[in-house]
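Both complexes below contain chain A, partnered by chain B and then by chain C.
What follows is the complex of A and B.
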């Protein structure tokens, strides 16, 4: 009886695993299937490196080049990551080294709460606060890549702060007493011992954050201006996710436009995959060195 | 007998709960002083008082006097005191760097920049800890890949790079087998020519083998201390006798 129950249970687990793998495979298959017809009309090179996006032939010819969108996606994510990793690690250091256990147990759950705010709200605050500030600073319409990066960075912060504090706290408890026993000062130990020791785990948190950054649509769309331009810090631009979200509703099914949007989604998927794999490789390399 | 440290009327506690009661003790220089006593009696706390660590801990209170070569440690600068009185804690904690970087971490902080000089310090201290011959081929290997006993000796060697006058060891052999312990004991008897050593140990047999002086602490009170040979042969206090008998079975 017990044995049968065990067998049934393991079968159930296997079935569920198979189901989720199957679902993922189906999503990928579906996207690829819907994307491929586009390449009967445009070459892959034209699609990836073309800068003209004219999906409907109002005047002249259609053209599908997503180079600017790709660059904008990478650019916004990169700047957002730089900002939020810098601020996140700094905040974590502050929480671990300058506050007591009690303050931390109050602060960290509060920071975790920020993660639950819907992205529309972040976008809304982005428009009413960040964009306004940029207008006041003299940027033409206020909407720009930097504004989007800042909003995105704030969205990534809760996760980065909580995971970095956890890592840094662990490393501090493990190594600080030994360093202090040699007469080394707290902050020297923090910079040369505890941060380097935490670096691997911080990289891992960054992988998860990058995924969120590149896929985030709503908030970015609301503050970035959405114009097909090569991304510049204070200029408007548009990410792949925004293009898909903005145009999918109006694209005629089975038109080249429709297939092009699927192809753009596929490119986004590949980008994310490549980035995750390469960060993982770097991390594995660091682990191997045992640092 | 020349004294390196003098402890007078030391009381210490955490969060209002007193752990050490009125301890007065002398640490002779270039000798090994063993501190023995039942678990939780305050041995680690005593070590943390000696290198000033407890004074910094939140909620901890320390009173009484601790002199290092006649100088009041409470008046000394904290990092200076820590360099003079090194501590190797109960669990070895090699830094997640290479062996060489572990050994040069302290000296680089103290201002040594010269590469060959750093290398020299590392080699000298590793030799003192009896580890050099085992690792000389692999100084760039991660310290985390060493065995437990090697890690413990690395931590001792690392503590020596601060050029301390006193070396405090908190149960350095608690996680080691007989052979690895023997290596460390042999090393400590060698080290006492240069350093004054205070060792906390659960192992009475070990204390008997290596120590010159012994202090027995129970429930935070110093029951008895003196030359090891005398104390082990004829303890003056009933409690000491009971403790030693209990251990011997």
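What follows is the complex of A and C.
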């Protein structure tokens, strides 16, 4: 009885694992399957580098070019990451150098709560607070790439703070005692020794953060204005994820428009796979160096 | 000089981060508290523009349905994968492969999961827009999220306990059932709760797979339903007419998430005490 149960359980675990792994193949298969018909009408080059997105032929011909969307996705994620790193690394430094273990164990869960807030709520606060501030500052309608980046930066903050404070703490324990024994002040050691020693790991967290930012839909969509324009800091723009979320509901099934949205999703997915695989490679290299 | 500048940077960042936390929670709670009433929590939405008046009861129930479906469909495989990696997988290459796949799944943007669920479940399988289709999309989203946390929990079980059990002749199943799962139950439950919160807050995978602007509380997995996050989005998209109910909806979501988080932490701590201090 026990033996059979044991065998059954082991089989079940393996089956469920195989299913979970196959899930990825399934997702890729269905996205690619729905995306491919588009390329009978539009060439890949036209799709990736075209700037005209006219999914329905109201006037003139349809045209599917997602260059602006791709650039907007990268642009908004990179700016968000830069803002977030500036604050996140600083916060991590403060937590490591100015607080005790006890304070850290209270503050880190508190900042983790930020990660639990749903993205619609970020978008909502973005509209009611950040966009209003931009209107007051004189930006037309307030929705712009910078506003979206700021909202995204807040969303990335918890990940950056927790991973950076872990790295910096490790480096502090390794180098600070020796530095202080030689008469170097704490903060000078932080600036010249501990931060440079941590930067590789921080870089890794930064790439991870960009990946997260690129997949974000709702918060960005709600504050970015959604217009097919090349991204400028104070101008409106639209990311790949927003195009899909906004237009999927109105696209006729199996029309070129529908396939184009899947193709856009495929591009986004490929971008994120590249990021994830490169993170893995970099991490393996870092571990090797650490040894 | 360099040292002082760094210190200044650290202090300023900390001030920004701390005030952000206070502001985000404070803002939603202060603005939202006014819209909360018994009617708001128990009535369906009403009004000339839907949602201007009335409540959000069907959205709350709908969100619970979506979350429960996602937890059942995503939580079980997630724990299974974690068990596999920790106790069944003997080849390092295989483990590395499974981990890479998990990481890639976690990297799929949630909107793309929505596209997948639409093409496969809604269209090919003919389930239509329903709780089950959307729940499956959410399940894939939270699978790696729960898996990572479960694996971490399993790694913390002292190896001598597991070895002792094996040496006594206990099977792997018996060891997992009697030692591993009870030892980690705190972390496991909190991983599931956090995964549930993640699923509850997600909008993008629901938009075209199962959540709708208005529906009665669902009674079957094959019916579409309302969901809190989508409801909030639609209220905001309507402009300023529904702002009051929007604040209320945000408030309810925040409270649900905050309470679940606190419960998860408390439960994990209590289980910890029971097992780790004798």
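In this section, the second predicted complex is superposed on the first by the 259 of 291 C-alpha atoms of A that agree within 3 Å, B and C clash if a C-alpha of one lies under 4 Å from a C-alpha of the other, contacts with A are read in each partner's own complex, and residues count from 1 in each chain.
Methods note: a residue touches a chain if its C-beta (ideal position, glycine included) is under 8 Å from a C-beta of that chain, and two chains touch if they have at least 3 such contacts.
It should be emphasised that the depicted structure is a prediction, and the values quoted were computed from it without experimental measurement.
Trainee: Under the stated touch criterion, which partner chain does A:175 make contact with: chain B (first), chain C (second), both, or neither?
Mentor: Once the two structures are laid over each other on A, A:175 reaches chain B alone.
Trainee: I'd like to know which partner A:197 touches here: chain B for first, chain C for second, both or neither.
Mentor: Touch partner of A:197: chain B, not chain C.
Trainee: Using the touch definition from the top, say if A:57 reaches chain B (first), chain C (second), both or neither.
Mentor: So A:57 meets neither chain B nor chain C here.
Trainee: Name the contact category of A:233: first (chain B only), second (chain C only), both, or neither.
Mentor: After superposition on chain A, A:233 lies in contact with neither partner.
Trainee: Should A:44 be classified as contacting the first partner (chain B), the second (chain C), both, or neither?
Mentor: After superposing on A, A:44 lies clear of both chain B and chain C.
Trainee: So, does A:185 touch the first partner chain B, the second partner chain C, both, or neither?
Mentor: Both: A:185 reaches chain B and chain C.
Trainee: Regarding the shared-chain residue A:100, is it in contact with chain B (first), chain C (second), both, or neither?
Mentor: So A:100 only meets chain B here.
Trainee: More residues of chain A in touch with chain C or with chain B?
Mentor: Chain A has more residues touched by C than by the other partner.
Trainee: For chain A, which residues lie in the overlap of the chain B contacts and the chain C contacts?
Mentor: Correct list for chain A: 185, 188, 192.
Trainee: What residues on chain C touch chain A, complex-wise?
Mentor: For this pair, the touching residues of chain C are 2-7, 9-14, 16-18, 20-21, 24-25, 27-28, 76-78, 80-81, 83-84, 88, 97-98, 100-116, 118-120, 123-124, 140, 143, 147, 171-174, 176, 194, 197-198, 200-204, 207-208, 229-230, 232-233, 236, 243, 246, 250, 253-254, 257-258, 261, 265.
Trainee: Considering the complex alone, what residue numbers of chain A touch chain B?
Mentor: Contact set of chain A toward chain B: 100, 174-175, 177-185, 188, 192-193, 196-197, 289-291.
Trainee: Enumerate the contact residues on chain B facing chain A in the complex.
Mentor: For this pair, the touching residues of chain B are 51, 53, 58, 78-83, 86-89, 93, 95-97, 105-106, 109-110, 141-142, 144-145, 155, 158-159, 161-162.
Trainee: Provide the residue numbers of chain A that touch chain C in the complex, in ascending order.
Mentor: 2-3, 5-6, 9-10, 12-14, 16-17, 19-21, 23-24, 26-27, 30-31, 33-34, 86-91, 93-95, 97-98, 107, 109-111, 113-114, 116-121, 123-125, 127-129, 154, 157, 161, 185-192, 195, 211, 214-218, 222, 241, 244-245, 248-249, 253, 261-262, 265, 268-269, 272-273, 275-277, 279-280
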